[in-house]
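My questions will all concern the structure given below.
Note that the chains are named A, B, C, D, E, F, G and H in the order they appear, and that numbering of residues resets to 1 at the start of each chain.
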């Protein structure tokens, strides 16, 4: 929505060509709001199907608080990623709707919504250390109104744990594979099913894992087609992408 | 399908517990066929919804020819990627069904099939040099029975070329963005639409593009959610992934 | 100014070939002063149009203090970058002219000066986390006597926020684009205007952003001409370069 | 210029609200032209002050030829970079205005234009192997109507060659430094003058120069402020940026 | 064997403390021979259990020829790796014992030897393009007198091909896994068996495989213990290491 | 062991085709146990010859405690790597069998077992800073019932320290070389013996050692055959691999 | 000195073929001493002209203390690098001869020695932040009995500071250049003199300096011959190398 | 020598304050000569002790020819590195003094000169493939009038070949170690002697040698002090540096 559109609306209102009610409805969702330093992209819900998600890394608590206040007024769903427990302790006072997923380090508020989309997304992790990233994906899908199931700790070192759950894999609509170290799980899962696999490399590992680079390269070079990759540790991005697919 | 399953079938047949017809039907699609060095994964059509695609890079023409012969016998669709014009000249003799997409460097044979899936996938390129990778995606989607449209040469250096086609972007079900150099197009497209964007970095560029690394990193770090990435120059992978989504 | 020049001046003075006043004026700005370990390049104001800026990273507070004392005596403008709040608390005692920009982490003292140069430099950031780097650029331009405007949080994820301000972009003489993550904003801005764009990659991001490498490569590979790049997080360098252009 | 603007013009013409001449003038410069695969961005001359430059790397001669034909019709200046001598031999037939700079590998056609901008840009190279990149910058500045001087082979291994020309350095308005290997020349030049220095790393070198990476990093870490960097071997980008500064 | 040892032998011979025959036997295998530029390490057979293998990359045919002549005189086994068909054509004239494995690009001569060691080494490849590297390992093991079996083209994209051969995997004493692209096969195989797995990354792949780097990192980060890695494409090294284990 | 196998056993039991005792024995070792988030791979002892080793990096103490409880019930050997002294203090209460190797940062419990395998593994370090990684290997071999000897601080800077112990090197069955900085020790040791050398690069070093990358590359490029490499600082992996060889 | 030599000495002593005094003298400097984990290379003074230097990074204070005690007994010079002030506080008690250079973070004890070698080594730094590394080089040269002069803070950003001291540069026998950021100073100094230049890259800088990688590559690619490079921040290595030259 | 010095000489000549002969002698060696594009640094012989060496990589034969002509007129020594046999065939016509070292790819002309410096430099290579780089160092030392010996093919895979020649190593004044692959030879040699070791990494190797990067890092991280490193394959640089030491 561009400013000239807004001017046009106002001019039509001025000329009485448009009733006040209609103008109000058109205008109430200005494309973004200026909260001091932040330009809250409130039109995103229309454009992208989900309000702006707040990445807390490197933002001051004060900024985050003012954003959260505005999002609560808008009565939409709320999602803050990479949020510390301290931040939640500060924010939850006087804001009873906020919840915290400690593993995912996500603060969220869910508006009462019915599930949309078909079937469910299955989130699979290679090890237990990959679970925080997986939980970030789960929270994201949950708040976007999508059904989710999880299957954790089924890495390729003991592949029978995975093969044993082939039925579950085949029932899923979309599969998110979260794996660090060598990240081989994405290839194996993708070879077993005919569903899109969203691969999330994690920074789990040491030495030549180079903070997720190893898993990232593995997933990009996946010899089985049907895999696409998001950034290292980006559980939110994987969940969001899965939700877009399952619209 | 495991060997012991096959043995069970044979034993039941032997014991006359199963009619020959049923046994034949069960057995005719052995999970893979041994063509000398190659283990053709003929079960993949059932498992993944599409027969094994032949990546020609580094394979001897003789091997490729024997694979193609077997695929023709199976009467399924055929797709050979990274195939030179010379290879096509050799293969087309006596195999009238084969076609060649020169830009995509893909040899294919399409079985008469009706389109499946909803809507269409839109393939967008930043520049004209990215078109070969985009065409590989197009051929893949086409042979998998999915509708495709293209929008080429709309890179961010002249962003009005892209904004002008916002209507087309919004109509697409899935968008594949193919871009080299700085790869910024994926972020911009993703910010404009509420559809999943599959980003394909290309090796187009010079100097600090480091053969696609620059575009790859850009796309992985996309600040707009809703983007997933495949390998550098992997048009086939993007097309295949889009087809899986649009099942 | 070389030592033999100085000796020549002294010899001419000795021989009474030059009045004392002229000698004094020639000599008062020795090319550098030896403050113990530091060789303060006091001639730089003549040579480069601005006195030596003090980068505080890795310098001991004691060294910094002695440099500041000397700069105050010279009555020129003062700029200390990457300075902590603690450092400022220590330095401000008894030095009332010093100011601190908390976001930019810059300590400065502005001599009363009239603005020089034509028009203004516009500093644009992709996100709110990029603002500290942008502020470093702003302080630098300000102290060098150049007009500045800012446009923060207009990243490509919601490109209408940028397009909406096209008029402002077109009025600017020079544009500094500060962006982390994928750094795509520089390409988009450069495609919209006919002004030089100075791109500053920031270390904002995670995973495959590799502490600014991703944004750096994006900006170097910019497909739209008219972009030049400075070091990661180098807001000072961008501001200084812009001031040199706008002399 | 968006399509709806065009439709509005046409509708006004249809309704006789606008004289044909005015409509023609408004419409004659459509923002881009569709030459088959290429979307020629013909509006760029207005937006950026210079028509689209054709990067020949990876483009088919047939595509390039059709673009050139269209550019000749438009009677604007023409610049093709990374163009082989073979390509020029093919293009020059029947197009007498085309010229070739063999060192720069640039094909160009200069419309009779008077020089604009103040002063001149000085292009400095460290060695003789850096000259092709420098010549690409020179051709670009020349065709954009800017005065240029060159100072070649003055690398830091024999720094007196550079110091000897300090007067020339100080007279220049803008300096482009082209250097491979360790790329130290940019730092030294920038320390000597108070003009903006545009640094172009080249891929000249061997071993740990890693095809220009060494020079690139050197230039980005320049300890003397007043340096901005373009991509490796990007002489065109440096020339273009200098021309934008000197508008 | 050091020179002073040799002198001691000679002195004892001189003093008649040692019979000539014994001295001859001790001396006949001098630790290395000087063939002009090459110091042929002929003692290696005693020290390492296998004569010096000739890596042909970057050696002149003339040098190689003189080395081969000397090795033939010594009547030991011969192995030349990375040898072109042209080189073999040149060497085989007048040297009937030489053989060529075209896939492995290895020239060899086998002395009649009985197999040593227990069980067999199994060489597994992910794809058909990995076979040349696997064959280099096979030739090496063969010439060192070890039993070998191969299982080619069983990559994780169709993991049933591998699981189907679990019995064979469990019978092997040592397993060499050869894989390019994402190299995930080593992890999966290692998870299935209790035998040492030697992983060989190959340069098969494109884009972000970075010529084997991706597979190398994957294998180094293998989450299943029991995997050790050799250099990219180093089939010889894997075979040699397996032979040392199976002594 | 797959679930359908289990169902078959149960069905046969139900039909009285199998005595209860036999069914019990078959079932008592389910392939893995679900301890909440962790899927303990208890079948691994059969499959790999050693129970699952617990890598403590990034796991919560509570998770580790529940795993340890379960392993104690199973009465198998226990090994926890990268375990802090704090963790041990917490775990040792009420679990008298647990031991702690402070250098190796390993918690373990050894079941009374007789040594298996032939000869001994020799662990060699280049410097004293490499000892923690070596000790991790030693603990691993020890708990797996293998004989170990150590030879520490014999790096190539004083190669006589190593040559002096050639007899010991030659007596070893397998040699593990642990080295940081330039990692040259693996090459030298491998050149001296005819035993397999397992090389462990360590992150010991500074500057261009890049946290172990330098030693890793050195070891992968080892000019002497007979060397295979594990991940940086992966003492456990080296010990485990050595134990598999010496079965 | 090998063990068999020692045994020979002992046997000759036993057989009275050698007087006890001579045996004692031969034996008193065993090539290394076993201090528990550390093998102190006490023969190094003969072999390398300087006793083993103790790099304190990653060593426990207890180990360091036992090494120092032994070195004091040997009455040779002592040098401990990368030593914290805390370590010195602990070591200096009861060891009056120890000194501490706080900038260099070096603990040392100088035996009364006359200077050896010709002329002096000049240590030059680009900035003040490079001084700690330079001081490490200075301490090393000093304790090895070589004359040293320093010239700090003469980086290329103000090259007149360096040119002004050309006489000093030309008088030096060897020059050590210590520089971070872009490291260009080594090239410039080398171009001015006919003496060997030892370049030490430092980790001073930020962003694309990548912790010294930028300066390292610059110095390796130095276009002026006569430069050799040591590891990042390795002041000790540079000093030691200079002392070897000036023997 | 600066221009104002020259002007001063001329002025003194004009005023008859200086005899013509003296002026001529002062002026005849202008600091550089302008041969079109090349600025021949003819003063370098005075400044650096050796005339400018011509690196032929990337220079046109025509440019090289004109440089050579000028160098012949100056009657100094001549050295052209990285020169092809074709180039030599072209240059040798009519220039009888030119010689070609095929291995080193060096063209040179030696003026009759007596050896200077003390002792000799020993050039050591790890393998036979490293010899071309070693020969470039040898030619350089030779033409600079220094004594050289070589010891080729003594890599660490068979370390007795090296230990056997310890006497030769100890006699050398300076040692140049040339090694590719893992480059471990420099560490071992440096541990054996008390002479400065100049290490030259070569691009010999494959896979994870990354064109010399592996050897380069090894040599930079050398745990034995007394090693300094030049660029990959830079035999000339090593020879030149050795000659400067041995002045």
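By our rule, contacts are C-beta pairs under 8 Å (C-beta built on N, C-alpha and C of every residue); 3 or more make two chains touch, one makes a residue touch a chain.
What you are looking at is a predicted structure, and each value in this text was computed from that prediction instead of being measured.
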**Prompt:** Of all chains present, which has the mean Cα position farthest from that of subunit D?
**Reply:** F
**Request:** Considering only mean CA positions as chain centres, point out the chain farthest from subunit C.
**Result:** E
**Prompt:** Using CA atom averages as chain centres, what separation in Å is found between subunit A and subunit H?
**Reply:** 59
**Fill in**
CA centroids of subunit B and subunit F: separation to the nearest Å works out as 42
**Asked** Measuring from the mean C-alpha position of subunit C to the mean C-alpha position of subunit D, what distance in angstrom results?
**Response** 27
**Centroid distance [mean C-alpha coordinates] between subunit G and subunit A, Å** = 54
**Request:** Could you check subunit D for residues that touch two or more other chains and list them?
**Result:** 47, 157-158, 163, 192, 207-209, 213, 216, 220-222, 225, 231-232
**Prompt:** Each pair of chains that touch: what are they?
**Reply:** A-B, A-C, A-E, A-F, B-C, B-D, B-E, C-D, C-G, D-G, D-H, E-F, E-H, F-G, F-H, G-H
**Request:** Give every residue of subunit G touching subunit F within the complex, in rising order.
**Result:** 1-3, 31-32, 37-39, 41, 43-44, 47, 52, 57-59, 63, 201, 203, 212-213, 216, 231-234
**Request:** Mind listing the subunit E positions that touch subunit F in their complex?
**Result:** 47-49, 53, 192-196, 198, 216, 220-222, 225-232, 236-238, 240-241, 244-245, 247
**Item:** Footprint of subunit F on subunit A - complex, ascending
**Value:** 128-129, 131, 152-154, 157-158, 160-161, 163-164, 204, 206-209
**Fill in**
Seen from subunit D, its contact residues with subunit G in the complex are 126-127, 155-159, 163, 181-184, 187-188, 190-192, 205, 207-210, 213-215, 217-225
